[in-house]
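Both complexes shown next keep chain A, but they swap its partner, so chain B is in the first and chain C is in the second.
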Partner chain A sequence: MVSIKATCDGSLSSINFQIAAITFAEKWKKFNSDLPEWLWIDCSNRLGFAAHGVRDGYLSVQNVFFQIQRSLKEDYGECSSLNDYEEPFDIATLTTGDDGYWYDFHVVYSSSYSVPVLYFRARSSDGQPLNKDEIEKNLPTGSAKVLTDSKWTFITQEEHPYLNRPWYMLHPCGTSEWMKLILAGENPAIENRNEQYLISWFSVVGQVFGLKLPFEMLKSVG
Partner chain B sequence: MSGDEKGPVLQFATFQSSVDEGFWHGLSSLKLNKLKTDETPISIMGFYTPCSNPHVSSHLTLLAESLPTEPSDGLPTATTHGNRNKCSVPGTLYNTNTLEGYQSLDKKGLLQAEGKKIWEDIRSGKAEEDSSVLLRFLVVSFADLKKFHFYYSIAFPAVVLDPPATLVDLRPASEWFTLEEAESVSACCNEWRMSSLTADVPFFLVCISSNSNATIRPLKDFKACQHEDQKILFAFYDPYHGPNNPGWPLRNYLAFISARWNINKVQFLCYRENRGFADLGLSLVGEALIQPSQAWQDEEHVPKVIGWELNKERKVSRRVDLSTSMDPTRMVVSAADLNLKLMRWRALPSLNLNMLSSTKCLLLGAGTLGCQVARMLMAWGVRKITLVDNGKVAMSNPLRQSLYTHDDSLKGGTKKALAAAESLRKIFPAVEGEGIVMSIPMPGHPVPSKDEKNVLDDCKRLHDLVESHDAVFLLTDTRESRWLPTLLCANANKLTITAALGFDSFLVMRHGSGPLSASYESKAESVSSLSARVEEMSLPQSDSKPRLGCYFCNDVVAPVDSTANRTLDQQCTVTRPGLAPIASALAVELFVGILHHPLGISAEAEFGNSLDSGSSEQPLGILPHQIRGALSQFSQMILVGHSSNSCTACCPTVVSEYRKRGLDFVLQAINHPTYLEDLTGLTELMKSANSFDLDWDNATDDDDDDCVEI
Partner chain C sequence: MERGVKEAQQYVWDGAIPLQIHLHDSEVTTLPPPSPALILAPRIGYLPLLSSQLKPFFSEALPPGVDTIWFEYKGLPLKWYIPTGVLFDLLCAEPERPWNLTVHFRGYPGNILIPCDGEDSVKWSYINSLKEAAYIIHGSSKNVMNMSHPDQVELWRSVMNGKLETYNRISSKLKLGIIEDEFSGKPNPSPSKGQHGVDETEATAAVKASRIPVRLYLWTINEDFDDLEEAPHFDSWDQISYINRPVEFNTEGKYFTLLDAVKSVLPEFYPDSSNRTNAESTNEERIEPEKESHPVIKLLRIQGIEPKMEIPFSWVVNNLMNPDYFLHICLYIKARKTIGT
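Coming up: the complex of A and B.
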């Protein structure tokens, strides 16, 4: 059952998040052919029991590749001092390599703020994880502005609630406020309220990374 | 010309690896818990999928699940068996114990050994049964678990064909198949990929009958398929995305096909996908010509193997630095910073966190006040804290002095200053806490000549400590012990905060700025920019506004020995337990207020209800001079006390005398307390007060009722 009241204050209930997440992933797959799919990772039995019908979990998309034009300044200083066994190529080898960064994004529900949160991590092709400054430096130029101006989104390191390792996230403390503004003009009684919530939410946070929702997806929720 | 007929040399696009952080986390715990110093090679698992993106190749990934839970196990358990998103291939990990060990590994030899395993699987036919062995890989690594740096090199051993294979034709699969064939091929490939039995089998045969019907057969059915009247394509999951080359797996595949079945003209299908379905536009079909090598006739012969992966700088070895996500100290620092940043972001945008974290604080006294002040400072992000105390932790101390535990009080008791600094580090590893065991020389406690040198050293040391810090907290338990520090702070114009406790009352105050302009000494040394800023801020004493007072400014007697002639219970400061935390907290909040006030220590005294508070109020609120609290009333008063020109600690006379005569002056003051009174003119003042005749007889009694106790 759609909880109408919850969305008027900019928040989303946990159950509605799950419903919306699955639909989001389906629509994304249907309309967005460029990027990898979102998968719902189920964590219901994490604690050894499933709490009355609630499917605990999060949305995940792995290996989103962002190509970069300029050459990277990487720390290889120490490596060059190692005695490298440099294999001479044979003529049957074509060397390849991509110049860019790989991102993983997870959409996780935060029960303390009652909103979805975007967790992410980035690494270069060599597996070296990017730190916060490097990530911020490599954001699309428009979004770096979004981060500093809006004062509602900032990047911080936090332990991933399911994976128990440090990831980065866009801090959720301002989310309900700006979601309230975005949904202000909307009719609260429409059917796919939760879907609309998640899609609107993503259209804002995805901007930080230059992830655009396809037009059809936005249109599908009015 | 013969080369041209056969086509150009077939170039295979190199495989690329992608090592997930989780792999290193897993290796770290495996090493710490199970392996320890064992360097036996470990069987691991890598995962890849067919290319699914026209712009980017798919990689061989190593994840946490790549490692076995027990090093002696065979390959990791087949939880990923039959998973279409994780086609598993076997590999070997050589992890060394030292960097030198890693550097001196015989990489060439190891590569050859790994290649030999593949060759033997080809010869024996094992590759027919389990084709993933054709993609066997090799990792050598060294894990520096102190710095959380991981050095590694990866190889994808490939048998070298000599002479190399040549490429007769290569084109997108959609151009090679007829429409009907394409449809049929797509359908059965998708079926192959959907079935959990076959989804992770990377090498297979695509057989196309004359009626354009395609079927997929496992490699071991090859002999059977050969005799049926159909085209056979040797298909494999191709990780590479480019249209002009097949991916690396084809190398060993061709060697296998040639060695096992003696086929030298091979039609192959580089299978690639899009959105989870076969993409025949991205997939390639080609034809290769192999020239069988004579040497292969020899059973013992093992062909040459290449395959070390190179990084962008064309080096084999690479290093990954995971300290920000694995080093607990770095993680706790960023967590603590987040807390303060949230405060600034949500409530106090003008909070200057850099200033807080760089302000060096000196705490004189590591007792009930010192412990609490230190904790509060750390909570505000202060990182450099020095505690001075000459005592040991007594058994009753841990109850009220929040940095000590029972263990500190055993065996006679650890030195407080040292125990306190250690305790700070245990709370927050990134703090730069220092404990200094030292007594503070006090007036009224005369110094026997044999101890004179030590006392003078202590004075000098205290002087240097005050100079080298930005803020000083006077948190000792006697009045006279505050004299010298007050003088030194006034001399150096430092931010000084005093907290003092009565039984159920407290005083927290900030000292005013020093009486004289910056001394030559402190200007020359210019210890910190903060001190310099404070110097600049202090108003010249001759100007309109009077300086605020210090702890002694309201006193008309010089500090004397307050502890002599008292019983034991009178010598210890007995206070209600709640008092120290309250006073300490106020002291730190006052300190933060001063730091953020544009005038710093020269800021005027502010009151809660004053009319002009609106204009001068800072985001943190008012900046009082003195706060006196009475716990019996649960009340606090905000007061001001201006500096006195006869103050025994901070008046211009005293400070200039100190500057002129230095430690000699101090020694004289310590040994002869009346000296200070004489010097400052207090003696004169008292004489004149005593000679002042008052006529009390005319005072009316009913006036007494109007008196109010303050």
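Coming up: the complex of A and C.
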């Protein structure tokens, strides 16, 4: 079967991505009521003609808020997600409701690399878009290092394939390699392998931003 | 036979668009305003690479500040990472000679165009596309990533300066030879899985399906026009759909035409299409009167040519692809919108 082969080489077919995406969104909503919902944005008719039996689209979550924690020393900045983040040492923090960044994330399928790709954009509370340096500066310290050290991915600015606007993305050229490693120990014949693919994938890319999947969601795919 | 391929490729590399470039009014600070620059832009090149030729024409007229070049055609900012020839084929239904463009050095529309900081950005975009093409063809971009730095520089320079011989010498090391093509007399130099040292017969036998990098720029229209001159012009990129999907090419002796390839990347329009011999349906489409729901290809252009749809796809790819190993296709399709959409 095509899908078994797909998970073994670290890739995912377009159809399986769509199936997995819908399930992912449902589970996220079920286990993660704190954060905004993922929505499947259907683009099947974007060519201006009612597509026959073809589904095309992407996953979208808007307005995920990341609060900045600033110390009384102005030159120190960290970013944390709403889930959890431990300050390594005890310093007085000054936070206001406005002190944070708003992110939109889209999960878009790449036909070239046969993998999902994370697109994102960020803005400050006054609506000003963040540039790449500002985004990298505000990532959780661990992930910023992972990005600069690793050959698995990097942040780049490219045109969003559906929206015709510049967005940032985590480059997909290394995805199938690290997905192959992640799925190496897994049984390829399990029923929900597509779901498992997407959840495993997100548990890695989400870490770049400090987004963790709830334990129940990870448990649900074994 | 070899000569046939070289000729076609040389034609493509020699192709150029005559441009007449005007400095935008808002940036003219001298009286009289500078005359437009007339230059020949290589089809396979990219607009920002013309910057060094253009600046001397306009630098005196510019207001003080930092220059960031960008171009527009009739109000539409041009995507700089699309090859010049493709932009022309797509946006000028009726070819305009010279093509009148407006150049800006200020006010870069960063909400529409991704940033371009000069030659380096264009080079990066080119190498990135090449990596993507390699991944599509081989399942891995390693051979591009492992290019020596001097090779990478020389390859890029050969594209910038239109040096086909240098380009062929270096790019052949990447072993991105795509399809067995008996029509160009050009043998497939490598198995499509990029395995070095694999026995040749074994490799050819194993190669039954390939993925071909294709980028399709599609304009769906629902009005009819007989004359390309009457084609409405674009005021937004939202009117054009960008389809970046590889063609799944099955080489098992079947006659796979250009039309077959186009249909296979547009399942939205051609839901029943698959890799099959399509000689019959090709005739069908041309002879039968247009059905209401039947999409009709109004225009298909590759490298400024409007090829016959029955041409073998392998020939089209081997002869008309860009230096990034992508085949860029501009397409106007007329399709009736369904009621209620």
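The definition used in the following text is that the second predicted complex is superposed on the first by the 189 of 222 C-alpha atoms of A that agree within 3 Å, B and C clash if a C-alpha of one lies under 4 Å from a C-alpha of the other, contacts with A are read in each partner's own complex, and residues count from 1 in each chain.
Assume a residue touches a chain if its C-beta (ideal position, glycine included) is under 8 Å from a C-beta of that chain, and two chains touch if they have at least 3 such contacts.
A quick note: this is a predicted structure, and the numbers were derived from the prediction, not measured.
Once the two complexes are laid over each other on the shared chain, residue contacts for A:Q67 go to chain B alone; chain C is not touched.
Looking at the shared chain after the overlay, A:F154 reaches chain B, while chain C stays out of its contact range.
When the two complexes are overlaid on their common chain A, residue A:S44 makes contact with chain C while staying clear of chain B.
Once the two complexes are overlaid on the shared chain, A:K29 sits against chain B while remaining clear of chain C.
When the shared chain is aligned, chain B comes close enough to touch A:W102, but chain C does not. Once chain A of one complex is fitted onto chain A of the other, the partner contacts of A:D56 are limited to chain C, with no touch recorded for chain B.
When chain A is checked against chain B and against chain C, the one touching more of its residues turns out to be B. By the document's definition of touching, of the two partners only chain B reaches A:G127; chain C does not. Residues common to the contacts of chain A with chain B and with chain C across the two structures: 157-158, 165-166, 173. Residues 9, 44-54, 56, 111-113, 157-159, 161, 164-166, 173 of chain A are the ones that touch chain C when the two sit in their complex. The residues of chain A lying in touch with chain B in their complex are 29, 33, 36-37, 65, 67, 72, 74-76, 78-80, 82-87, 89-100, 102, 121, 123, 125-129, 131, 151, 154, 156-158, 165-166, 171, 173. For chain B in complex with chain A, the residues that touch the partner chain are 9-14, 16-22, 25, 52-53, 55-57, 103-104, 107-108, 151, 160-161, 164-165, 240, 242, 245, 251, 274-276, 306-308, 310-322, 324-325, 331, 334-335, 338, 341-342, 345-346. Against chain A, in their complex, chain C makes its touches with residues 79, 110-115, 131-132, 135-136, 139, 141, 213, 218, 220, 222, 237-238, 241-242, 244-246, 266-269, 271, 295, 333, 335-338, 341.
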